[in-house]
Each structure stands twice: as C-alpha cells, then as structure tokens.
Amino acid sequence: MVSFLIRRIATAIVLAWVVLTLIFFAIHTVPGDPAYQLAGGDSGFTEEGLQQIRESLGLDRPLGEQYANYLLGVLGGDLGESFATGQPVAQSILRRLPATLQLIAAAAVLAIAAGIPFGAWAGRRRGMADALMTSVTSVALAVPVYVVGALAVLLFSVTWRLLPAGGLTPFAEDPMGFLRGLLLPAVTLSLAFSAVVARMTRTAVIETSDRDWVRTATSFGLTRRRVFNRYVLRNSMNPVVTVVGLEIGSFLGASVIIERVFNYPGISTLLIDGVSARDYPVVQGVVIVIAVLFILINLVVDILYGILDPRARIR
Amino acid sequence: MSDTHLLEISSLSVAFRIDGENVEVTHGVDLHVDEGEVVALVGESGSGKSVTAMSVTDLLPPNALRSGSIRFAGEELLTASEERIRKLRGDDVAMIFQEPMTALNPVYTIGTHLVEAIRCHRDITREAALAEATGLLEQVGLPEPAAMLGRYPHEISGGQRQRAMIAMAISARPRLLIADEPTTALDVTVQAGILDLLLRLRTELGMAILIITHDMGVVADVADRVVVMQHGLVVDRGTTDHIFYDSSQTYTRDLLEAVPDLSAVAMTRSGAVAATGEAPTLEVAGLRIEYRTGWRRAPFVAVDDVSFTVGDGELVGLVGESGSGKSTIGRAVLGLTPIQAGSARVVGTEIVGVRRQDLRLMRRTVSVVFQDPGSSLNPRVPIGRTITDPLRWNRIERDERVLRKTAEDLLESVKIPREWADRYPHELSGGQRQRVSIARAISTRPRFMVADEPTSALDVSVQASVLDLLQELQRSMGFSCLFISHDLAVVERIASRVIVLRKGEIVEQGTASDILRAPREPYTQALIAAVPVPDPRRQRVRRAERLAAAGRRS
Amino acid sequence: MDSLTYKFMLHDGLTYHDGTPLVADDVRAALLWYADPANSARSYPGVRFIKDIAIASDTEFTITLNSVNLSFLEYLADPSAFIVPQNQLSADVEATNGAGPFKLESWDEGVGLVLTKFDGFYGADDVTLDRIDVSFYSDATARVNALLSGDVDFIDYVPWESYDQLEASGFVVHGEVGVFQSAIFNVETGPFADPKLRLAVAYALNRENATAAAFFGHGTSLFGVPGSGPTGENLWEYNPERAKELLAEAGYANGGPKVHLLSNSTYVFLRDLALSVQADLEAVGFEVEFTSPDWPTFTEEAVAGKYDVTVQGNVGNVQDPAGWLPRLVQPRPEANKSFGYSNADLDAALAEALAAEDAGARQAALDRAYKLIGEDVPFATINQRMQAYAYTDRVSGFEVMLGFTQPYSVNNLINVTITG
Amino acid sequence: MMQRLDTRRLTRSFTPLRWAAFAFVVLVILAATLAPWISPHDPLAQDIPRRFLPIGSPDHLLGTDEFGRDLLSRLLHGARVELVVALGASLVAAVLGITLGLLGGYFGRWVELLTMRTVEVILAFPPIVLALLIVTIYGSGQSTLIVIMGLLFIPAFARLTFGQTLGVRSAEYVEAARAFAAPTGVILARAILPNVSGALIAQFPITLANAILLGSGLSYLGLGITPPTPSWGGMVAAGQRFMPVDPTMLIISSIAVTLTVLSFGLLGDALRDWLDPKSRRRR
C-alpha cells in the first residue's frame, strides 16, 4: 500500500507542475496587457507610465526568468502578490477557499445522500421505478445550472424571502445564517451531481445483483434485505466512489456559475475577476489551488477505493 | 428410511419470460434423492440440469416460472411462502457452485462469510460463531484455519475457496447438499480432494448430495444413482452400474463412447503420428519467463529452465495443471510474450532477440488455435473473412476472389457448409467456432501449430469430433503441433510424446505410452491416479489404490 | 482672489483617520504629486495649471496658476483630488488613511468592505451612520435580487431593465443623467479617416432605438456636445437619407465600406448599444464586422486603434465643456477617444475659451469649436444614460449629484440616515 | 463489415420515452438544417420599438427579444449554431479521445502513462478557466468554442475507450491476430475499435448534450457565441437577465435547451443499452 501511495503522490506532483507551467504560459500570452488595467482611469496612457508599471510588476523581465522565480516562489508557498491590490495571492485565496470547500462538501453530501438511495431503489425495484428514476435524472442533468439558480433565487429569496439571495455570512459569526446562505447554492450545485450518482448507483446495483456471490448469499438463507444491503449495495460502492471522485473534479468548474448567480464568495469568482483584470498571479494561484484540490480529491478516492475493495490494495 | 424421499421433484417444468413470451427450458423432470444418497444429474451444456437444481430452493432469476412439484421431506416447496423457503435455504438444503473465483464476495474475508452463514439460522454471538467457523474450516481440511478466517477470496487458491464454500454450506448441518459442477473449474488433483471431502461429509453428516456434472468420470467415481438429461428432458435413470454397463438408451451410449478414457490396458496407437526424423520444428532450451508483479517486488517466475523439442510432423502433448506455465510456453514460442533467458528455435528462427522482419517471416509458417470458442474469433467479422485474414496480413494472397474461394474450401475441409462464409461467430455453436479457428490456423499451410487447450471448453461429444478433425488435418498436411492441455485422457488419445509440467518446470517427458502407463515421477503418478475414469468398477479400484497410496504418504 | 491666484483657509484641528494632523503642507505635496504626468493621476488635467503653492501657516496657503482656468475650483472639489498623508503618495503603498467622514475598518478583496464613522471629521456631528457594510455584486441581477430579498438596503449601478421592477416593489430608484456615450473612430487608417463618413455615421445613428435597447429608455438622446447649450447640442440629427447621400459622396454609392465595429463582452449595456449602432450602420449601407472581446483586450485594442468604429462612454470631471472637451480631442491615446484625432484650430478655439476673461469671448470661442466638431465629427454622441441608485424607503437624506459628478454621489453619505 | 445489429435488443432498449426523444432530436436537426428557409424573419433584423412582444403576437409567433428580433427565427437559426458547435466539439473530442484511449489501452506502460496523464491534466483544469483563456486569446467565434469544448470532452471519450480497450486487448482474437502477424494498425482498426465502438457510439449523444449545456454556461459568463449571431445559450443568458421584464424569452429558450439536452441524453442511454453488450437492461 505504501509504494502505491508514494507513486500516486509523485504523479500528483508532476501533474501539478504541468498544470502550473501550462497556466503560466497560457495567461502570459493572453492579449490585454495588465499595465493598461492598472493605469486605468481616463487620464490616458503615457508610454512611460505603462512602462513604469510593468517594471514594478516585473513584467519587463524575460518570460523564462519570470517563470523561474515564480516556480521558486510557489515551492516556498508564496504565490506572489496580486497586481491589482498588492495583497499576497495566497492570503486572498485562503480567505475564500473555505467558502468553496464548504459549498462543494455540502453539495457532495447532499448528492450522495439523495443519489445513492434513489439509485439503489431504482436498481432494486427496476420496472417503473427504474424508468421514473432515469427520466427524472435525465431532466436534472438537462436543465442549465444557472436557470435553476435563477429560479431558486426568484422563488426562495425574492418572492418568499425565506433564504438570502446571495453572499455568505461566515460560520463563526452566525452559524444559522451561514447554513441559510449555503443551502440554495449547495442544493443547486448538487442537483446535477445527485443525478449522476443516482444513475451510477443504479447501474452498479443492476450489474452487481447478477453476480454469483449474491446467489451464494441467498443460498445461505439470508433475508432479501440483508443480501441487498451487504452483498449488492456494499459492492456497488466501489464504482460509485470512483464516479464521485471524478465528478467533484468537474464540480470545481461548475461552481463558477453558482458563485456568480448567488454572488457566493468562493475562489472561482476570484479567478474570473483575476482573468478579466489580467491579474496573472491571482489566476495562476487559483488554478494551481484548484488543480491541487482536484489531485487531492482523486488521491482520497483512490485510497477510499483501496479500503472498499481489498483486491485493489495489492496494487 | 421413511417411505417418502428426502427430495422428490415431479414433472417440474421451468420457463423464462423473455420479451413477453415464456420460453420453456425444462419439460416435466422427475427425480428423487433419498437420505444420505449421492445422486448425479448429468448432461451436456444446455440440458437444463443446472436450472433444475436451482429451482429446488428457488435461486432462479426473477423472470423464471416453475410448474410441477418439488417436495422436500414431504413438504411442497413450490407453493411454500417466501419466508419458509428462506428458512429452508442453508438450514436444510445447502448449495455450492462452480466458479470458486466469483462465488464468494471479494470484499469480505472467508471468516465474515462463515459467520454470516452460521448466524443466519442461529442466534449466537459473533465470537461463538468464529470459534465454530474455525472448526468447520478444519473439518473441510483447510491448512491453518485460524489464519484462513482473515484471508480474502482472491488471496487463496481455487481448491481452497471451494473447500471454504463447502464449510459455509454445511455450517447449519443441512440434510441435502446440491453441488452445481463443484469441480469443473478445478485441476484434476484438486478435484479428487474435493470429491473425497464430499464423500466423507456424506458419511459423517449423513447428508444427501445431488451433484450436477457433465464429467462421466466424476459420475463413475462418486454417484450411487444417476439421472441423465438432454435438451431439458430426463432421458435415462438408474444405478451407476446400470447406466455404465446395461443402459440401452442411445444418448447414454453415445455419451460414454465419446468420453476419452484413460485406458488401463495397452491400446493400439490409433492416430498419433511419429516424428519423421528431419530437423525438429521446435527446439526449446533453458527457457525462463518472468512476469513483473510490482514496482519493487520480485518478479513471478512462470517458466524456469524448460527444454524440449517437437519433431517435424510430430504432435507433442504439453500437460500440466493451471498455473504450471503451459500456456505461457505456448505464447512464448509464438513470440507473444517476452522471454527472459534460454532459447527457442521455431521453424529455424531463434525467437529470443528476433528482429521484427524475421518474426514476421516466421509467423507466416506458424499458427495457433485458442481455447475459448467465445473469444477466439472477432465477433464483428464474418467467419469467411476471418479464416483468410492470415493470408491477407502476410500478403500471401491479395485477390479477394481467390481468397473467397480459399475460404469456402477451408470451411469444407473443417466440415462446415461453404455457404456459411458470410455468417458471424455468434451464429455458430462452440464446436463449429473451434472448427473455424482450425480452418484459420491451416489457411497458411503452416509447418508448426500451437493448440492451446482447443477442446477444453467443448462438450464431450463435440470435443471428440474436433480432436479427430485436428488429427486428420495434421496427418494430411504434415505440420508439427504442440498440443497444450490439462486433460490426460485427451493427450493420451492423440499425442505421440508427452511432457508433464509443474509450476514452470518439466517433471518428466517421454512417449505417450511410457508416461501414461509407467510414470516414473510421483507427481505424474498422482496426476494419473486422480483422473476419474468413466467405468465405475475400475474407478472404485483406482480410488481405493489412490487413498491407500495417500495413506502411506501422509 | 483673482483668476490666477486662490487663497485657502483650512478648518483648524483637522486630523487624518489615524489621528495625525492634516496641515497645508500635506495639501501642497498631494496637489503637486497629482500635477506630475508620470503619476497619471485622474485629476491631472485640472491641477496641471498650478504654478506654485505658498504656505502661510499650518492652516493657510495660496495657489497661483500659470494660466486662467475657470473650472479649477471644480477640479479641486473632485473626489479624485483627495488629500492624503505624504507617506502614502507612492505607487505601491495602500493609501487607506484619509480624512473623510468614514474610515476603512476592514477590506476583503472582491467580496466587500466595512466603513466606520470617523469622529475626527470636521463635520462629524451631522454624520448619522456609524457603520456601512459594503459588499460587491459583480452580476447585476444578483445585485437587484439582493435588494429585493432584503439582504441589502442600498445598491449602486442599478441595471436599466430592473428600474420598473424595483419601483413596482416599492423601492426608491433615484438617478441622474450623467455619463454620455458616443461612437468614436479610428481616424488614422481605414474608412473613417474621411470626415464625410464620420458625418454619415452621425446622421445614421437612431438615438431613440439605442437608448431603448441599452438603457430601456432611461436616458436622453444626444445630437451634439452635452451641456453646451443650443449652439453645441444639435449639431446632427437622425437622418438616414442624408447619411446615404454622404456615403455616395464619399464614393460608396452602391454598398458601403466594410468596417470593423469593436465592442466588449464585460459591460453588457455598451455591447447592446454597439449592436443597435450596428443595425443603424447596416441600414444605411455599411458592412459591419462585429467583435466583442472582454474588457482588458477591448481597452488594449481601443488604445492601439485596432478598430474602425467603437462605442464608448465618457464623462468630464467638470461641467464646463472647455474644461473636458480638450481631453477628448487631443492626440494622447486613450481607450475612450477617437484614435489619432487632432485638429489644430479646434484645440486653439478651446484653449481660447478656457483662458477667456469675459463670458462673451468665451462663448464665441466655444461656438467656433462646436461648429468645427459638427463638421469634423471627432466623435458622434449617441445618448446620455441615467445612472441610478436604488434603496429601501427606510433610507433617507441621500443626494444624487448632478451631471458628470453623478458617479461620485456615493462618496458623500454624510447626511444619510437609515431607520428601523 | 459491422456485425448485423441485434434487432431484438433494439426493441427492448428503445422505450416509448426514448422513441419520443429520438423524434425530438430529428426535429431539432431538421430545424437546424432548414432554418434559413422556414424561419419567418431574418434573425438579426432589429425592431426595437416592438421588442419584448409576448407569445402569439400577430407577426411573431413566439414574440420578440430585447432587440425586437423574432424569437422563433432566432430559435431556428440558433439550433443550427448550437448543433454545429456541439457536433464539431463532440467530433474533436471523439477523435482525439478515442485515439488517446486506444493507444493508451493497447500499448500500456509508458504510452498509457503519457496518454492518461494528459487526460488528467485536462481534467485538473477547471473547464471554465480553460474556456476563459482560449476565448480571451482567440475571441469567442464558433471555431474557438468547438476547440475548447472539444478539448474539455476528450477525457470522457479517452477514459471510456481506455477501459474498453483494456477489456478487449487480452481477448483471444486479438492475440490470434498478433500471432498471425497482423500489423498493429490492422489490429487497432479492425480488431479492437469495432468491438469497443458500442459504448463509444452511445457516448456521442451524451457529449452533444453536455456541449450544449456548457455552451449555455459560457454564454451566461459572456464567453459564449459572439452576438448578434443567434445561439440558444445566448438567448437563455439574455432571458435570465430580462426575466423580470419578459419571462417568455427565458422560458422558451431554456425549454429548447433542456428538451434537446434531455433527448440527446436519453438517446445516448438507448444506444448504450442497444449496442454495448456489457450494459444489459433487465426488464
């Protein structure tokens, strides 16, 4: 198991490095010179004003050199300072990271809590239940996320004034307010995800119930319920866990839209503002954090898979 | 013995509801099993024997419909409540299955399975159940039972898994054990052990056994009474001796005729072709093959220091149990798996370190037939095209019209109608598909062929005809052949020389008659002794000798 | 004192947020720093006329200009000419220590900030709010929903499509017409080097449609220089026929030139305006290729002149046209003025107007300038947009500043009160 | 050359709901191809004074949008744009994804490492960032969107093909082909690809569905297809913006998107049950 972990972490580091390099060179080739954004205002752009800004940001040095000391910085945990605000990028990311993590965790919990039972029920009952589940999940997958978000805000916040329309009160300040603020975005984000989890569980349950060991368990004389829970559902968890890992990865992307609709203070909005202000350090910082997050989640999924399926442990 | 039978199945018909209509699979089956009796239910694949066995405790898939009557100790099961059937399962009627690999849940240890089976019908604590489980594992002859509890199914051998499953089955002292092809997937030595165990449990626990098999040798070895089924009907029944010696049923006679029998008496060499004395087609010396198992762990040695030759025009049998490395050698000489050490000259070309062009040239005169009819032919390509593919790939023939005619000729030479050239593999039976494989193998008029268990997956009757075809073609085309198999009787029938392989090393090699009648090595002797012959009287004698020999050794 | 010298008296006891006293010397240092073009300060156009500042005492100083500028005082009043401690006058220091009515409590970049009342402010007693929570809503719909659902009490930059909805739900929508939009041209290369074509555009623009499309009608159409009185405000009119004639005269009788209309995807109302302009241009025969990159790329392309025509917003920081017009027509490259435009007699007329002693001479110079703009069309104004704030009826005492200073209304919340 | 498709499974995997989905897909494709001829107005013609007309107004069956352009015409022309982008993206993703999966699955070891790691890099990038970068560099024309979405859907195809190839690689007919000296190209093209194509064909409509969804997401962030070209994504985004003023725009366009994505999804499920032997559907 240990050599498996070491190899996994090694590939993860290489992956993070590749992502970092890609994003660095990609963002630096994007048109729209950051100096213009910083010069700003209607006072007009004097060439030497722009040049002065570029120098202060170190943009005038050759790209290779910028990349080298950026890489060194990252290894030392310093993601550089934001062009616009001068605040260290790492600090502003850390301030907003909990919000994104809370959102994704809440959505994942909701999706698993809703998806797995629904999928298992459909996989077990088959017939009408199966048809119903497939169509409901297809619809859930088909509706654009922000339309759902917009309708949710319209109903719950504007018309019924039950929940806040956006923003997030920090947990420390007001736990109830925090939960109320988190509810709508998390439910919206988890909608499509629970559909995927439900469909995956259904397929896994159907496939597992044909397996020989289920028949062996029945031949022991175990009750139908016990056979289903311990011999079908338990084994269906392996494929489901892999899908959950993959989907959470794509979640980080989808949360951008959710953060926009609910004005949710996550790192994705930081990213979007960063790109539209050509704030290179912020963009690079957030992308690396997201990539590392994605890799960590995959690592956790692999470990979880090893725990769930003993055959995977020898790898 | 009470007058009613322990298990009485009368006019049982089973049908499956597929796409709306019911397809009947078995029609009016009658059979009974008495207390402590061993009854064999024998038939070829598709005869309905498994379905009948499964219907006793209703382990059939949800779309199955049973009609007729099944009475266990006088109580009608067909109309019994779901709860009653559930109580009966494991407690009165237990089952073991064929595929040890998939019959146990891979995510639970053997101990968990046992505790589950034990506590299913009795309300006892986990610790008590664990203690009892250790006892059961000991009773079924498993080494270090305590350690075995913590092991996962994939960590132990097929034979051990089967013994563990038997332990689970007998955990509630059932009065009847239904064994669905319990030893088909096992090697012959392991099979002998399992059959001994079953007989011992029958006497110790007074447990009746209904054994489902297609191997007449196994029937001869263990059965008191036999029921023969064909196409869902019972075609013959009676005591074992009646069936083997006095039965007048044509199907039973044909079945017994087709089974290759490891004859004790010297038999005239009916088909084996001796080497013609020219340079040997295949020379293997000091062959060593390893498989990588992990990043820093030592590689698994599959074949170690193997040397043998196959003469020109000769058919050599390579025999060994699973894991002996016989298939690995087969693939190595074809250049499909890398060789770590030693040499193998195939049709004059040295395989180890061969250059790509030479490998291509060599492959023009070498061919192969694989084991599984289901996957040896590309399902998406019509058979006419598959069998002439080697000619296309080796650019021997490019003209499609000529290839079409060759295809039809080849089909005819393997006794398949010419017009079937456009059919797809899934439209043919297992036997027919193997014939197509052979047609493909001879399409390039090879000088050397590797046959990797070509008939093991076939029913006995079909196996015989395919073997005859292979021999006939070898005699007429004169190619030499390395015939890989785990079935001694089959090898004895067609090989001139035999090589016995164990855990990657050659145990002994020699002419077929020397090896099979006067084996020098104890492993070969045990191997031959373990093969049940389809002749009850002889088999009883062999069983007594084997147990006596085992008694001396242990 | 006279048109060149101004004497100022500071309140005594003025201090910054951190308690350090605010003295005349700070004012002098700040104003001279803004006057240095390298710092590209917003208030540069106004303060560049300062010749020198004499310090009489801690609370008294006199500023002398090198040339007359009637709107100099307006420039000083502009929030962008704020006075800060001298140590904050450099590019990379966070200038958060000021002397205004509220001081910065906390700031979470991109999310929001908290301001608390500064008791040291000279007019502190009539400041009723003691704390203001500000949160940023980048998405307009989210901003409106926040107000509608009661998360916030006051929003800025209200999207035009939500005016009616907000008023219908009992909120106060309070705005002023201010920033004006116009079509600007690349006069150096491409078809619009020819003034006739620029004039054709000025006649082709359907201002009513544009205002309806982009601002839901909340804005006023412009046919000339905003705030310039009768002589400057109706230089052009919506007359597609005249536009077609001009196109024919310029040599495009059958099928107008192919032009590249550049807009942006970030500020949606500017894009909608451009789409409406595109339809108007195509109606009179232009062939329009439309691109809308995001704001940074747009600004860079606009400054570099990589367009034929684009639509941009503009606002002067003083009322007097002579004050803000020069910036719009002089060659220094900027994102919101015609690329490469220069007109010597227009500059002269404007300079004369700025320096004119009496109103009569000033107006004459301005009229000459307007006539030149009418013919040479350095920019074709479209409309002035209403910029509105919306707040619940519990908020009172909020004043929207007039005209160009409208965007700074948010900076003086001194006498704003909130009940309940 | 294709194995005669098993018609009995066809009837079983196409439920009435899935037939309806199939019909709707055909309808959308027809609308897209015939758009220029059947749409009542020019989708770009503005008529600002008569904008935000409700459904059923005389000259505009489905009303008009914020520029007074006819919604029905924009819906039809929008269908063409959505399909072109979705189809283009899915093709790009399929070709690249399948090649990566096939090579990685068949050759294994370092080829597998190379291909699968590239896939993971794409996955590690948040999709929206990738879209943002490419759109900001190349502008958001249809071809850019096809490239971005093509890139983003490569992992789906690559991983599916990789898994399937692994399964098929050790099949005996592949070993036989190698034994009979079949060139690697032939093995990949004739032995492996046809036998994994079942699941891949099913993945295609599902990718189309996701492409349309992602397209509308990008439009919401202002990165979608450049106006004034009509696109469903753009219409849904505008609809969401003008919801308080005229909800019909949002309703019509989001129904169009949802129904199309739903039908493609159901079609994908049906194809998978029909073609992919492994996914048996027990009635």
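Chains: A, B, C and D, in written order; residue numbering restarts at 1 for each.
Note that a residue touches a chain if its C-beta (ideal position, glycine included) is under 8 Å from a C-beta of that chain, and two chains touch if they have at least 3 such contacts.
As the structure is a prediction and not an experimental result, all values here were calculated from the model.
Colleague: Just tell me the minimum hop count from chain B to chain C, counting one hop per pair of touching chains.
Modeller: The distance in steps between these two chains is 2.
Colleague: Select the chain at the greatest separation from chain B, using centres from the mean of Cα atoms.
Modeller: C
Colleague: Would you mind pulling out the distance in Å between where the CA atoms of chain C average out and where those of chain D do?
Modeller: 45
Colleague: Centre to centre, by mean C-alpha position, how many angstrom separate chain A and chain B?
Modeller: Centre-to-centre distance between chain A and chain B: 50 Å.
Colleague: How many angstrom between the C-alpha centroids of chain C and chain A?
Modeller: 40
Colleague: Measure off the straight-line distance from the CA centroid of chain A to the CA centroid of chain D, and report it in whole Å.
Modeller: 22
Colleague: Which residues does chain D have that touch at least 2 chains other than itself?
Modeller: 136, 240, 243, 282-283 - these are the residues of chain D that touch more than one other chain.
Colleague: At least two partner chains per residue is the criterion; list those residues in chain B.
Modeller: Nothing qualifies.
Colleague: Please set out, as single numbers or ranges, the residues of chain C touching at least two other chains.
Modeller: Those would be 141, 266, 293-294, 296-297.
Colleague: Could you please write down every pair of chains that are in touch?
Modeller: So, checking each combination of chains, I get A-B, A-C, A-D, B-D, C-D as the touching pairs.
Colleague: Enumerate the contact residues on chain A facing chain D in the complex.
Modeller: 11, 14-16, 18-19, 22-23, 26-27, 29-32, 126-127, 131, 134-135, 138-139, 141-147, 150, 154, 203, 206, 210, 246, 249-250, 252-254, 256-257, 260, 268, 271-272, 275, 283, 287, 290-291, 294-295, 298
Colleague: Can you tell me which positions in chain C touch chain A when the two form their complex?
Modeller: 37-42, 44-45, 91-92, 94, 108-111, 135, 137-139, 141-143, 145-146, 148-151, 266, 293-297, 299-301, 303, 314-315, 327, 332-336
Colleague: Given the complex with chain B, which residues does chain A contribute to the contact?
Modeller: Per the touch definition, chain A meets chain B at residues 3, 7, 211-213, 215-224, 230-231, 234-235, 238, 308-311, 314-315.
Colleague: For the complex, which residues does chain D have touching chain C?
Modeller: 44, 46, 48-49, 51, 66-67, 135-136, 139-140, 222-223, 226-228, 240-245
Colleague: Could you please specify the touching residues of chain B with respect to chain A in the complex?
Modeller: Residues 57, 59, 82, 86-91, 94-95, 97, 99, 102-107, 116-117, 120-121, 152, 154, 165, 168-169, 172, 294-296.
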